[in-house]
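Paired with subunit B in one complex and with subunit C in the other, subunit A is shared by the two complexes that follow.
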Partner chain A sequence: MSRNKTLFMIMVIALFFLSGCWDRKELNDLAIELGWGLDKEKNNQIRITAQFIIPSNVGTSQTGGGGGKGKSFFIETGTGKDTLEAVQKMQTKLSREVFRGHRRVILLGEKLAKQGLAPILDTYSRDPEIRLRADALIVKGHTAKQFLEASYPLESIPALGALKEHMQIGGMGDTSLLNFLKAATSEGINPTLPVINLTGSSKGFEVTGIGIFNKNLQLIGFLNPSEQKMFLWIIDRLNQHILTANMPQGTGNAGLFLTKLNRKIKPSIQGRTIKCDIVLSGEGVIRENNTKLDLTQAKNLTLLEHVFEKATENQASQTLKRVQTQYGTDIFGIGEAIHQKYPSQWKGLKKNWDKQFREVQMSVHASLVIRRVGLTGPSMQLNNSDIKK
Partner chain B sequence: MKISGTQIFWMLFTLEVGNSLLLTISSTIRVAKQDAWISMMIAGIAGIAISLLATSVSSLYPGQTIIEYSQTILGKWPGKLIMIPFFIQWYSVIGLIVREFGDFIITALFQQTPLWVIVFTVMLLLVLIIYQGGIEGIGRLSEIVGPMVLLMVTVLIFLDIKDMDWHQMLPIYQDSGLSVILKASYTPMASFFGESVMMTMFVYFMDQPNQASSRAMWGIGTAVFMVTIGTLAVIFTFGPALPSSLLYPFYELSRYISVMEFIQNVDILIVIIWYFSIFVKLALYMFIASYGTAQWFHLKDWRKVAWFLAPISFIVAMSIKNINIFAQYYDKFFWLPYVFPINMIGIPLLLLIVGWVRKKYAMTS
Partner chain C sequence: MMKTFRKIKPLKKAIQELERSSELPPNVQDGVLHTSLTENEQALKQIFENCSDIVFRTIIINEQAKMLLVYVDGLVEMKTLDQVLIKPMMFEGMPNGLKDAGSVGKIVQDRLIAFSKVDAYSTIHEVIQGILKANLAVLVEGESQALLADIKGFEKRSIEEPSAELVVRGPRDGFTETLRVNTNLVRRRIRSPRLKMESASIGDLSQTDVVIAYIEGIVQDPVLEEVRQRVLRIQIDGVLESAFIEEFIEDMPFSPFPQIQNTERPDVVCASLLEGKVAIFVDNTPFVLIAPMTFWTGVLAAEDYYERALYTTFIRWIRFVLINISLFLPSLYVAITTYHPQLIPTSLLISVAAAREGIPFPAVVEALMMEFLFEGLREAGVRLPKPIGSAVSIVGALVIGQAAVEAGIISAPMVIIVATTGIASFSFPRYNLGTAYRMLRFPMLFLAGMLGLYGVACGALAIIIHLTNIRSFGIPYLSPIAPQIPRGLKDVLIRSPRWNMTHRPKLIVGEEKERIPEGQQPGPRKGGLNE
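Up next, the complex of A and B:
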């Protein structure tokens, strides 16, 4: 019995050590940061700009009642040789400890991206406070600081607006940092990051394409938004897509809202030439029909499908061609597809892949299915005589 | 002190699954890339074979532990001497595991908490379970926490399914080839799945020793299955290259989970899984070390050994400078070249052969 009592005492004493007081973090001692940006500074330094929540203003600004309360976020900066040093500098201007666990958005200034991202990326996987699930975006034409200083009417925290915009366009926001790292460590695909831009006239920003990186993680070029869509489709990262195509006879255009998007990359090696067939498939509904076609007719649907497929094939081949000739970096993962299908040949190809990639003969095939046509057959405003049956 | 077959199953499952998920995936993927899951399966098969070996040698003399039957089989002094490698293994590894555990807790949860607090609390709890429960207490504990660990690992993998792309496991086999896959399987095999050699101490405590082989093999098998699935999940999510630079890829996987924007930050589950798993493992090592020492020296109260063992392990744990580097050396120069071939295969095999011949000889004469 006495042994039990001793043990009991030990347990009680142990309770004092178990409470974890060393690591208590009160919410009102933390400066919660949701988005931050990195810029190149002089003397090889980097500047970090972070957007912090002002907790007392967040609730009121969303309910709309507290007009006079002001912004729900504020900006602080710091410069240093690396991220940690910059954060330390920033900390001297803050009364609360910087908490990075909720960060969702990382903005990279264009200049920094052109110089190369390799020196700044380590901390995002090493620091246990930071999660790999984050959206990294390049700010084109401006610095990340300018970007973060801009306000955005829809979101109380503007940085989150960037993330949500990226999700809206169907490009799976939230994962671009991991995808970038995955591509950077893989041999058969080159990394890319989405590009975001401040809109010139009104306040706000827009996602404007893709930034292409080489293997040294330096930004070497951009794709425009429509090319970005094709790129995302080809690498199987597109959730939804609106395709608008003109009828060849010049009788208006139609819009198809695609949701089930898929792709297959089918490489084939014949002797020294590498061919690659890309099959893009999708299912969708007609959302707009400015043609004179009556969409309740089967042959009209087939015709329309054909037009959409042609448009897709054209856009996709143009995108592929431009990347092949202008940049010569395999951002589509064609090399990875060859690696998976021809592992033994790939061993010889991979050393010179950037060069080989330019020579690959690409072909695109689209197969799109119109599942539904909406609530009207022919357009309502048309006369009966105008409708093409 | 009696334990049931079910308890053996959960004991071996819990002790293997947490550690292997957290600590072996990275090094295996570093060598075998996208074929790491094949290496895991090979390691698992070896682990199952070792548990079969350990249980069959113990079934020769189900009324004795390995400390005793080694003396029955080889004679008093050779039998005692041959146990020395086991004691070196048991006494050195406890401190190492506690330290590994403490460092992970500090990295994942408590950055500012002093290491000794974590190590000290774990040591106290270990002494408690040894004193109050012994092997029976550990058995019952694993019966409770084992199913929880299984459930949590399954949930974690399910939550991550939408971020997976199975194409990343291609091409299978072609890139690495047999020798690389085998080489990669050595670490998980030797460091973790081979630990089922502990069964040589447990069969003695079972109420039905004839269940030992099947339950032990099922326990290891289930753990191997979950670890293989976990390895595949890591490859599907992070690809074949990235996980090799992450120290704890499975932990990173749990941190990556985000379902519908509201199931997030579930990485605490991993800490719980690991805590349960490592506690069962430590308790078992602690138990066999104390019980074995007592039997070896013919001490009356084996529980008292824990008072001697706990401070030693505490000092070992605290005196290591950097655990990542130390564990690497420990593995490379001690565990892989000596412990695995000698303790896990050599000695049990020797005892099995000699014991079998002896029994046969005794029957015929």
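Up next, the complex of A and C:
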């Protein structure tokens, strides 16, 4: 018995030494990649561009002191028939193994996006080393390589700058690839991706709206930033929003900082016509008031709320109209809402949904609530006589 | 267990019998005292041959009676001996002469020896034992009995604050090396006849006094019986510290976790006795054993009960967190950086990667080296004389903390990890449980280095399984968490106020389960003071 026990123990211990360590990788043997770019190449090939950090240059200034450090990142490229082949080509130029677990940003060249993303997307959901929580962005007018080569003064790793910019505009950053894949696989909604653009001096970049895809995952058009905001609000992915509206009589404008944004999509089918009522709601704080209104008066608040609601409704219906007429792809998920409410009718509608979508009669209704008006009622610089009670 | 016990006892007796007879010289018949003083003296002198610390003093009283005093020099109180016994006997003699008395010995016992505790013995063996236990032996001509007077008077350390268990608030007296002083410290705190102290002698040569203390009615009888049996069956040549006893009576000798608590504090012993535990006092050591022990008593400090309840609860949770840090932090760091770098937030990963740049060793080797050095530093600091000890820690901190990082041999995050772990491992209120954790850190590091988080999880699981398996004198080690006793959690997860701890630990206590009556929550009287 005790001999068996000893034998057993030896075998268990041997198990550790025989099987252990096979996937052990020290941090200083990894090339940590944070940004990733995809471009179209000739001969139906793709080119990948990766932004790697140079750890010795990003560390704390403990040893440097002088500040004369080099760049904290570098760029490497590879081309191939698919991503894996391209990565293999790239690996031959790198002394350390490519580590993709921390990839934060995937950049897609405009040309590649227009050609269609379907052939290259598989690896992002199959490879266990890649995480789905990455931001996918379309580079408008440039290639992804050009974008990754640009430097950005605020962040030592430019790719992270792109991610943070996307988060700043109120969208939920870090998840656009996941959302893209979700939308691509479900019926009744078409995928979109945010668009980023190099600013003229190539010393930075800005998020300039979103790109609209059709069901074949081809880029077919763009929305501008204000349309993007409305789009995000309608698909319920907007965290906060600053709304500025002009008073109808041309007596100044006011700014509302909105949180607790919500939306409801209420489709209804009457005979052959499909109607869709979209209710946008939110609560906010007045952050700027260039009108002469005294905001401590309840009637003035109601007036302002009404102005803001009108502005929202206008913007939203313009966005909806443009998408419906110009692109005709349902990026708002109207089809999904109909599917949920009218499952049986949806079966007939879904085959021809893109065409049907153009015919949907949209109406937008906004209901905004002003919770607080800030520290003062009327603007402080106004004379008492100017203030409209 | 009972079987081996029964087998051992007759054997033990036989051996002792054999030893006793071989101790005695051949001319002493049957080990019984004679009436002749000269013969007795010769026999004793033969036994104590070459024992220069044994004093033989002959006194002749009134030119008639001859007496022999035998004692160990230094163990009896010389002043008392001179003033109370020798001086009056030699100068004043018997008060009324000897004629009317029946026996000299009787007179000596009744009238002459003014000590509180005097007994008569008739075998040489008993006399020898008495002398060695710091008694004064008085032998009288014509008597086959010897008197043993208890006038112990050896040097002893005064009561000091125990150095291993310090408190901000609480009593500052600690046990000493003298058994009687230690039992007195406890008796002064529990003045009840129900506090029992059974004594025994363990060790064939050392004959060390051992006292098993408990409170009748509160102690669980099977536990007490088990303690008694385990202590009494010990066969050993000498007991120099209570650890000797501990190693003979613990349930799982090869477990890294201690199953018997030890303490230098009388208040801790009293608190344990009041919960129904058994204390084992051993002569010549300030460390008193307390059984049964649970894991949680190892992480609770004496002061927990002297500070306010809310604060203690807070400190307890900090302690729980630190305890886990002390076991898992280095292995988690190694596992995550070498196997799962995906798990670290990106910016942290970049910092760690930057710090690891140019480090020649793999993370696991680095961690093992640093932990090894840390343990070495601790060991060196404990053993060295005090003035050098501080120098070692300064040099160690400089070498490890600063120079190694600057030389690019060790990465800075690793120094932070090891230092944090070190601090955390000293947050154990009981030193011996901390040692278990410090030791287990190394196998955990190996597992982390070879299998990553999977290894850490396996190791943690193995430790938990082991912990649930331990029994200390029949009490589950993890109680009251496993098995769960809801009422017991009041003193583990939180520290409930005193008036709320109405019951003694369920699994440990015997008959009297209730500690205090309920409904003693303080507060202002309803309706105010005027009513």
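For this structure, a couple of remarks:
Heads up, the rule we're going with is that the second predicted complex is superposed on the first by the 365 of 389 C-alpha atoms of A that agree within 3 Å, B and C clash if a C-alpha of one lies under 4 Å from a C-alpha of the other, contacts with A are read in each partner's own complex, and residues count from 1 in each chain.
The working rule: a residue touches a chain if its C-beta (ideal position, glycine included) is under 8 Å from a C-beta of that chain, and two chains touch if they have at least 3 such contacts.
Note that the coordinates shown come from a computational prediction; the quantities given were computed from them, not determined experimentally.
Shared-chain residue A:55: touches subunit C; no touch with subunit B.
Residue contacts after overlaying the shared chain place A:339 against subunit B, while subunit C stays out of touching range. In the overlay built on the shared chain, the residue A:10 is in contact with subunit B alone; subunit C does not reach it. In the superposition on chain A, contact is made by A:23 with both subunit B and subunit C. In the superposed model, A:131 lies in contact with both subunit B and subunit C.
In the superposition on chain A, the residues of subunit A touched by subunit B in one structure and by subunit C in the other are 17, 20, 23, 101, 131.
Of all residues in subunit C, only 337-339, 341-342, 346, 349-359, 362-363, 412, 446-447, 449-452, 455 touch subunit A in the complex they form.
Those residues of subunit B that touch subunit A in the complex are listed here as 107-114, 117, 120-121, 124-125, 128, 131-132, 163, 165, 167, 170-171, 174-175, 238-242, 245-246, 252, 255-256, 258, 265. Remark: subunit A residues 16-17, 20-21, 23-28, 30, 32, 34, 53, 55-56, 58-60, 62, 99, 101-102, 104, 129, 131, 157, 160 touch subunit C in the complex. Residue ranges on subunit A touching subunit B, taken from their complex, read 3, 7, 10-11, 14, 17-18, 20, 22-23, 101, 125, 128, 131-133, 174-175, 178, 181-182, 185-186, 236, 339-341, 343-344.
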